[in-house]
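Each of the two complexes below includes subunit A, the first together with subunit B, the second together with subunit C.
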Partner chain A sequence: MTGQSIINQFFLGLSTASIYVLVSLGLTMIFGMMNVLNFTHGVLYALGAYFGYLFATLTGNFWFALVAAPACVALIGVVIERTAIRPLSERRHLIQFLATYGVALVIEQVIRIVAGNDSYPVALPSVFAGSLSVGSVRFPAYRVFIVAAATFVCVALGALLGRTRIGALIRAVSEDPEMAALLRVNTGAVSTFVFAGGSALAALGGVLAAPIFSVYPSMGEELITVAFLVVTAGGLGSVGGTILASLVIGEAGSLGLLAVGKYSDVLAISLMAAVFVVFPAGIFGGWRRA
Partner chain B sequence: MKKGRSFASSHACIAVLAIAWCAFALGLAFELGGDYAVSLATEIVILSLWAVSYNLVYGYLGEISFGHAAFFGVGAFAVPLLAQRGWPFGLALAGGFIFGALFAAAMSVILRRTRGVYYAVLTFVLAQVVYVVAIKWTDFTGGDNGLPVSRPAFLDAPGRYALFTLAIVTLALAALHRAIHSPAGHVIQAIRQNERRATQIGYNTNVYRALTFIISGAFSGIAGALYSPFIRFVSPDVLFWTFSGQVIIMAIMGGSGAFYGPLAGVALFVVLRDAISSWSASGTVIAGIPVARLGEHWPLFMGLLFFLIIVFEPAGLVGIFGRMRRGWVTAAAHAGAVRGRRSAKSNPGSNLEERR
Partner chain C sequence: MNDEPLLQLDSVHAYYGQSHALQGVSLTVPSGSVVSLMGRNGVGKSTTLKSICGIVRAARGRILLRSEDVARLPAHVIARRGIALVPEDRRIFSSLTVRENILLAAGARAGAVEEALVWFPALKNYLGRAGDRLSGGEQQMLAIARALVASPTLVLIDEPLEGLAPIIAERIADTLRALRGKMTVVLVEQNLKWLTDVADYHYVMDHGQVVLHGTSPWLRANPALVEQYLGVTA
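This part shows the complex of A and B:
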């Protein structure tokens, strides 16, 4: 185990964590907004990857796919919010959680009916074919791009929430929806906007992941495990906790490969489960009863 | 709520006997014609035990567990793994119960302070830990390839195994019924309705919550231990979260507000799944889509049905039967009330509605 391989694994872990961050941020934003854990998030990620594949193959332009796929998935998100979340808003949040589970089952099968059970390889955009060298260590260019993109999204999201009017509205509605409604904030529209935005983030993660992991029908049901793990370990609704937990689980899976070989997944998932023994509501969830 | 429960308990013995003997009669009646009906009946009986024990947590305690595949799967793995170590079949079956209980006990330590959405996600995540370990530990579990499971010679015939399963499951259901209608069972329901009040009265609610989870896990373990000899095979697939999703669908579709409600859900689920799967052989084309292609996509229809039941009839099939019993006039009035309601008190049997 050389220093170089450690740096390489660390970087691979960082890029995987970046995808987790994108997907989980969407999930945690939606939860922070409407207290609903969105079970469709995994299939939205898969849909993003499939749309990304579709647009990239049709137009031959990866950049177009990077914008168009999240836009399409955001529209689907609006439909989900209007059919499975909004009509059930008077009932317990767990009911909405279960309803989105039903929707997720349907969407996954629709994907399988339309695209079949095969996996599709997505060609790496030619710009990212090479790698960047820093000293004697070489980083694959595409993975560098993923890390940069995730960082950019985090910063942009922070600016959106903290510095803009729409950000202030979002914070107001998630803090106290009734008071916001009294102040003539259109809380329904804000919720829909957040849900669409969260869906777009899942899709963005899917498009970015597609060239690395290729596109296959069960990708959503695999990722939802990680996403649930990350957002709860970080403390549901906490952005900082989500980013931290994504990094930990990404690195545990990647660096763990050097330490414990094929059991790195076990290490990563057990590490996170251990978090719950100490913090039942996640790292930044405090001690409150969830 | 009250009404649904008392109906369920007063007719409990009749219901369990009726359903058990229907399954049995169905199995025997078709045994001459083929093993298919016997196998269908056996599967329904086994999954019934799983769904009813799942419903202790969902219907009675009022929490969603998304990790019950762990206990079912542990039970399913216990049989071949203990048999390899020389345990007789009966003890291996008991091993399913014991290991189901042990895993549930370990989980409930971690779950002790969690409620609501956290409970759902944490059970999901913890069950995934078991799955990931099982799939990676190939020397022990066979990994993706799974393990073959054998039955003792005297249970080898499908009809005999069906009878054996039916006997065990009936006993287990009777035990569960007794447990949930005991004083401790009433405390559990009190916790669902108002945990703070139950604490104030002096009950250690954490102990009762853990107890419910452990009993539920133990009986899920028996169901799993009956399942792997039934399909003569076990792989980590029975531990994956989508399998947990199936028991949730079955329990809620049937009706979580009544003890035997999940039985109806299991029967509907299994029969519907097989019916849709059998489309694969059909040559019909509807709207340009060959029906044969939809056969393997049965979860699509299950998801849709589950969604509709969640939205329109949270009391599941039991609720639908109840409406039919009350007659169409009152049913229409009831539907109007449901549409207009803000609190769901008018809706018997939908436990999740009680606490917001």
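This part shows the complex of A and C:
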């Protein structure tokens, strides 16, 4: 184990964590706002990857795919929110879990019917084919882009939530939807907006992950487990906790490869379990509503 | 005072689960008037306010705002019709600053913050402070300011003086007195002497119904009846 290999693994962990951040931020925002456990989130990530693959193949333009795929998935998110989430918003979490898990299964089967069970390798955009060198360490350009994109999204989301009117509306509705309605806020429209935004973030994660992990029908199932681990460890509804937990699990999986080889996932999950022992409500506790 | 009724409740019933909280409440609020709801704790005063603004559903009966039945409309639509509520527990958004609380209520209308400061100049020092870092009195000022900057046609105010230090309560009471003639107000408050001074007309409630109603002079002239339902004299 050399210093260079540690730096390389740390950076790979950072880029994987960036995907987790994008997907988990959407999930935690939806929970913080709507108090809903949304198990369709994984399949929305997969849909993002498939739409991204489709648009990039049809147009040959990765940048178009990067914008169009999240937009399409946001629209699908609106349909899911209106038909499957909103009617269950006052029900117990178990009911919400069963309903959204059912929707996720249906969408995954639709993906299998339309696109088949095969895995599709997605070519790296040519602009990201090389690597960036810092001293003697070389970083794959596409992974640098993923980290930069996730950082940009975090900063933009922070500015949206903290400095804009829509951000104030989102915080108000998250905290006390009834009082927000008494102040003339259409809380349903704000919830739909957040659900669409969360869906778009999951899809963006899917588009960005596709060139690294390929595109296959069960990719959402695999990620939703990690995403739920991240948002609960971070504190349900906590944006800062979600970012921190994403970094912990991403780095544990990546640096763990150097320490324990193929058991690195076990190390990552064990770390998360330790987080739950020390912080039962998650690292930052969250904006959880009673 | 204009005699045209702005608000009419016509035999309104409401429930909390199996509990029959409102059992046929009927009352009239003329435009431009200040009307009070009186009664012991738990008789349905706050529930009446919540039914008017749509956060407790009226199971039966009509709630007419300028002749339009708003009883089945969502709360945000009723609020857009011009009804504002200052709830008993204030419900200031703790994750928003004082300025953000005001702007949210005003729909980001330019000049809303300055308007709120005309009503409550003391808030000027706290505009950047988070809602949960205000004292009870400051929260009450903000809660009332938040309702007023929405330019409502009807303001419902639930127990505005409750739990406040006397000097703060007096300041808020002065502001509410200043509302007389400027907008239509329905007040719920335990301070009977203050209510009879500030309100034009009073409805006394018991067991989810209106059992007495009359002007301040009438209440003062019937102390036995008032004591029977309120436990105090006017």
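We take it that the second predicted complex is superposed on the first by the 282 of 290 C-alpha atoms of A that agree within 3 Å, B and C clash if a C-alpha of one lies under 4 Å from a C-alpha of the other, contacts with A are read in each partner's own complex, and residues count from 1 in each chain.
Keep this in mind: a contact is a pair of C-beta atoms (placed from the backbone, for glycine too) under 8 Å apart; a residue touches a chain by one contact, two chains touch by 3 or more.
Quick caveat, the model's predicted, so the values are computed rather than measured.
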Which of subunit B and subunit C A:60 touches, first, second, both or neither: neither
Partner chain in contact with A:37 - subunit B first, subunit C second, else both or neither: first
Touched partner set for A:97, first subunit B, second subunit C, both or neither: first
Chain touching more of subunit A, residue-wise (subunit B, subunit C): B
Touched partner set for A:179, first subunit B, second subunit C, both or neither: second
Contacts of A:165 with subunit B and subunit C, given as first, second, both or neither: second
Touched partner set for A:121, first subunit B, second subunit C, both or neither: neither
Residue ranges of subunit A touching subunit C (in the complex, touch as defined): 165, 168-169, 171-172, 174-176, 178-187, 287
Contact set on subunit C toward subunit A in their complex: 53-55, 74-76, 79-80, 84-85, 87, 91, 93-96, 100, 103-105, 107-108, 146, 150
Interface residues, subunit A side, partner subunit B - complex: 31, 35, 37, 84, 87-88, 90-95, 97-99, 101-106, 108-110, 112-113, 221, 225, 228-229, 231-232, 236, 262-263, 265-266, 269-270, 272-273, 276-277, 280-281, 289-290
Contact footprint of subunit A on subunit B as seen in their complex: 64, 109-110, 112-122, 124-126, 128-129, 132-133, 136, 241-242, 245, 248, 252, 293-294, 297, 299-300, 302-304, 306-307, 310-311, 314, 342, 344, 352-353, 355-356
